[in-house]
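Take a look at the following structure, please.
Each chain gets a letter, A, B, C and D, in the order it is written, and its residues are counted from 1.
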Amino acid sequence: MSLLAPNADIPFNITRLSHVVLTSRDLDKTRFFYETGLGLEVTAHDDTILCLRAIEETGHHSLLFEKITTQDEGMALRTAYRMFSDDDLKRAFDYFKECGEAVEFVERPYQGLTLRLFDGVGVPIEFCATMEQSESRMQRFHTHAGGRLAFLDHIQIACHDVPKAYQWYSNLGFRLTEYTAKDGTDEMWGIWLKRKNNTQDVVFSSASGPRLHHFAYHTPELSSIIHAADVMASLGLADTMDRAPGRHGIGNAFFIYFRDPDGHRIEIFSSHYNVIDIDHKPKRWELTDTRRSQLWGFPAPKKWFSEASKFRGVTVKPPLLDASPTTLEEYLINR
Amino acid sequence: MSLLAPNADIPFNITRLSHVVLTSRDLDKTRFFYETGLGLEVTAHDDTILCLRAIEETGHHSLLFEKITTQDEGMALRTAYRMFSDDDLKRAFDYFKECGEAVEFVERPYQGLTLRLFDGVGVPIEFCATMEQSESRMQRFHTHAGGRLAFLDHIQIACHDVPKAYQWYSNLGFRLTEYTAKDGTDEMWGIWLKRKNNTQDVVFSSASGPRLHHFAYHTPELSSIIHAADVMASLGLADTMDRAPGRHGIGNAFFIYFRDPDGHRIEIFSSHYNVIDIDHKPKRWELTDTRRSQLWGFPAPKKWFSEASKFRGVTVKPPLLDASPTTLEEYLINR
Amino acid sequence: MSLLAPNADIPFNITRLSHVVLTSRDLDKTRFFYETGLGLEVTAHDDTILCLRAIEETGHHSLLFEKITTQDEGMALRTAYRMFSDDDLKRAFDYFKECGEAVEFVERPYQGLTLRLFDGVGVPIEFCATMEQSESRMQRFHTHAGGRLAFLDHIQIACHDVPKAYQWYSNLGFRLTEYTAKDGTDEMWGIWLKRKNNTQDVVFSSASGPRLHHFAYHTPELSSIIHAADVMASLGLADTMDRAPGRHGIGNAFFIYFRDPDGHRIEIFSSHYNVIDIDHKPKRWELTDTRRSQLWGFPAPKKWFSEASKFRGVTVKPPLLDASPTTLEEYLINR
Amino acid sequence: MSLLAPNADIPFNITRLSHVVLTSRDLDKTRFFYETGLGLEVTAHDDTILCLRAIEETGHHSLLFEKITTQDEGMALRTAYRMFSDDDLKRAFDYFKECGEAVEFVERPYQGLTLRLFDGVGVPIEFCATMEQSESRMQRFHTHAGGRLAFLDHIQIACHDVPKAYQWYSNLGFRLTEYTAKDGTDEMWGIWLKRKNNTQDVVFSSASGPRLHHFAYHTPELSSIIHAADVMASLGLADTMDRAPGRHGIGNAFFIYFRDPDGHRIEIFSSHYNVIDIDHKPKRWELTDTRRSQLWGFPAPKKWFSEASKFRGVTVKPPLLDASPTTLEEYLINR
């Protein structure tokens, strides 16, 4: 296992997580949850899709729902990253081709040139450099509501093969900032990988996968996260809380998790930090160190570890490293 | 000058400041300022009146505007306090009659039994014990907006004769919590008087008067006060800020002051404290101690000291104690 | 069951909760928990006692620990209220004597005249009007730490006979602000009683009792409560968290609960509201309405309901109304 | 004037602002101001230097003071940026050499390889890639104090030739995010340039220069900025406030400015936003649009525009574009 900085010779520049595409059985219910509840802005809504974004985002969407007519549980359709320019996308196309990946350019509404492939563990991912722009709501403060969510920050993938994910993303220049390893070994259980200037754009944790465990929006103020919970309760959505407030040791996030009407899990959090310098060493946490998951606060309930959104058409495989952290249920027994 | 606790033999119980009644030349503009801007709730609005209240208030209004058809500058019509019960009001009627005051019962919309008179320095004041009740917005968090104002806390009266005001309100059981005196003397320049459990229901400061200098709403979070300013700016109301954020030494309030469309001045503030015990001694501040007015922050501009809302029909008299604190304009010259 | 306002003919004026007296097996550990962790100020500490108070308190203590040399679990020694003046205390002495209560004046360090008796359900309570005064830390902002706790607000008593407690305290002028009743009946399960201007000075909830369930300090900012948890975690005290953050429906408090080194439970909370007016009606909550206990957030664990500090020498009796709210453990099973 | 994205062919990667080096006449006074007051961490202090850093910083210092024995007013010695690796530094050395710049490697305590030169407008700047590392205080929450400053974010240079600065930094890959231009013209008055993921690492504004106008630390919570002011006031440092709280239109920062014991100006601020994407267009503000400088709040006093720290040994030249924004003094006259 190497914790070296990413290869500088990669011929394209991935800059950040861009957006997430999910299914919804009822776009109106989904809209109520994200717009009225959490305070995201709706930028498009018709019979088939719903697009949303956060306060400081100028791109068209960071969250996109596609309507499904079946009663299937929520599925993830794809996750997407930005590259800096269309030239990067073209160089990436050549690069992936040469690697033997099934890569293709696809048409996506509101987006510029878009590249599509599967990552090393089977997650459908796309890359684009541009998106339809419009002024953000940042300085229209009277429209800030719910959790005053500022921007889409990261996704977490429940992953059957974390080392393979680590290898694949490292090769693209993603950098490891923190990680969990099985106590006293080199076996990685969870990895925090990033391109932008903070601790993560994508996280992989060991579980049946690949599945989308959650996506996360950042908000700078602690009180906004509490206010989001208050608003959700006001609206009759209190029981969508999936994990009570606490602070992660990893990444330092103060968080609350919710489940949307289709069961997709969203984290709202604050208090990330900058990782930019070459001499910033990845921080290691032992799997059994509960401070890793909660510096304080109760552990997550069983379902937080077991439930996640499948990627449509992608086979879920059992985890290579089958070691489970303590659940809330177990914690209460031994307390 | 006596700083003794109020007379326990007063035959009625004034409990708190209740509401303020002001003129408006344009109720729609007034509504935009207070509802859309600062986040108060409108409980009544027709061609002649506009009633508003804050988040935790269950009574019908704490702020009432009466439409005037002239282009007169904003005038205050009356200030009002609560007594505990109608029995208190009746005993108060007898008490004031006996004192020779011109006291009368008046009809007021949305209020129960209401007593009217003038205080010792000419301010029209009213007392009631009950008001039409409805559930507050406290737990409808999705409706909290602007400064998330919690309750009407106090008024400040620009007053030509502060000692007389002190005497009159002390006789009714108001208690002095903090005060400003001319350096090294017993001459009171400003007095903080209270009935409820914090530092003030009414403040008198030496100036031409009586005039309503401002009324003040409390909000518990510092960030809500800043957010109110942000929202006002979003709405094109940034230039209604009358005094930039700062912290008063007296009362410990973190504040911003605004002027409404008719020139009425409103303070939004946080960080008051409890005053309940008999052994709590009034805190004295010297007039020239600028920490009194701003523990930090710039002094108030000249207009903050000179402009205030006249009470309709009440003659304004020059102050007995004509000592002026440093204005922002003077401060900048000597800095 | 009567929900009438308190009897105005009570010949003395109880003003607020004053302080709580508890045992400690190790005053240094206790001090570390409350001073270094939660940020209270130590005003006295020797081999036998430890006195603490909060930021805006000018009285000598609101929390007092007496050292015990045995390894007994934490016990409560007494709870104390303020009356307005020594004259009130003397009238109260006569009143209680006439009622046949075993009332006496006792000597207490740092306090003025102090009255001692047992309340109607066996809790040892004391009353005083004055306490040694010193300037608070309110405007020494550089000393504010931990949860920036502002003042002792209330206690909660686990009580075998809630109706009797209600009767006894009502007779002294305590007023009911909110309450929980067994669904569809008049049987009170929990009562919020107050003298000062907010929702509670003392709460009684149905359980084996009397025992001190917790005492609670108020802090105005949500973020201070989160910061307290962060600080506790930094200091290795994360596992003293007894109940994760949430918002009570009753009283509207955003809360966290901790257990101190002797097992005493402390709540830190924000967001109470004013109750002053006669027309403020007590708010009823059904026992099975979980929003009562948590507007949002997970239910409290079993121990939160079962464990509490016994009053030394006072027999604990089983509850008259043996109806238990859902515990976290039960909630997780059915989720 | 070109607003194009930076040249992708630059053979080195500047990543962010690193640190600032200033003079101090009295290191103890300087320490009291920054450590006790604003809450920075001291990482080194002897008779000749004082090193400080913010909460999440793992490098040795972001602020370094060198003791001077004269009574000269505060001077800036140099500003410094990070490159990603030592290889970048070496390529930069060659690049600058080829451009004819007087570039050299210098020894700096606690730093790795360090490159020194003057920028296009005469500012002494240095680049390094590594610095002595130690665990940050991020998760030692009990040590967070003052303004809870998170990281050094940017500097502002009072500059006689803003277009030349723009050209020089653009050539190094700095990107323009917002700018002020003389109304209706292409003449740039102020430019916000960045390498990291937010709006600025360095700002140039038109004035006599080059001089260091201020350096700025970021903190995520609005209330921490207010608390910093409270703490400064508690410590007798209230009059070091150089500009009262307000919100800049440019960059969206909620700010307070202070002057340290040597007159160096520091901004503490929150609420920046991400700029990462290629399709993010620089935002233009007209010079006479006061919302540029204050979305709300009073304008800065005259001294804020005229006073700044000279760079030792560097000649100050008059500005090419001599257009001054409205000062607080002028604003008050016309109000």
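Quick note on the criterion: a contact is a pair of C-beta atoms (placed from the backbone, for glycine too) under 8 Å apart; a residue touches a chain by one contact, two chains touch by 3 or more.
Every value quoted in this text rests on a predicted model; they were computed, and no experiment measured them.
Colleague: Looking at the contacts, which chains touch chain A and chain D alike?
Modeller: Both chain A and chain D are touched by B, C, going by the contact rule given at the top.
Colleague: With contacts counted as defined, which of the two, A-B or A-C, has more C-beta pairs across the interface?
Modeller: Pair with more contacting C-beta pairs, A-B versus A-C: A-C.
Colleague: Using C-alpha centres only, name the chain that sits farthest from chain A.
Modeller: Farthest from chain A by mean C-alpha position: B.
Colleague: Cα centroid separation between chain B and chain C, in whole Å?
Modeller: 33
Colleague: When the C-alpha atoms of chain A and chain C are each averaged to a single point, how far apart are the two points in Å?
Modeller: Taking the average C-alpha coordinate of chain A and of chain C, the gap between them is 42 Å.
Colleague: Indicate the whole-number Å distance between the mean C-alpha point of chain A and the mean C-alpha point of chain B.
Modeller: 49
Colleague: Would you mind listing the residues of chain A that make contact with two or more other chains?
Modeller: 139, 221-223, 227, 230, 233, 295
Colleague: So in the complex, the part of chain C that touches chain B is made up of which residues?
Modeller: By the definition above, chain C touches chain B via 5, 8, 15-16, 56, 58-59, 82, 84-85, 112, 129-131, 133, 136, 138-139, 150-151, 196-198, 220-222, 249, 252, 270-271, 273-274, 276-281, 295.
Colleague: Mind pulling up the chain C residues that touch chain A in the complex?
Modeller: Result: residues 221-223, 226-227, 229-230, 232-233, 238, 241, 244-247, 254, 291, 294-298, 301-303, 328-329, 332, 335 of chain C touch chain A.
Colleague: List the residues on chain A that touch chain B in their complex, please.
Modeller: Residues of chain A touching chain B: 36, 139-146, 221, 223, 227, 230-231, 233-235.
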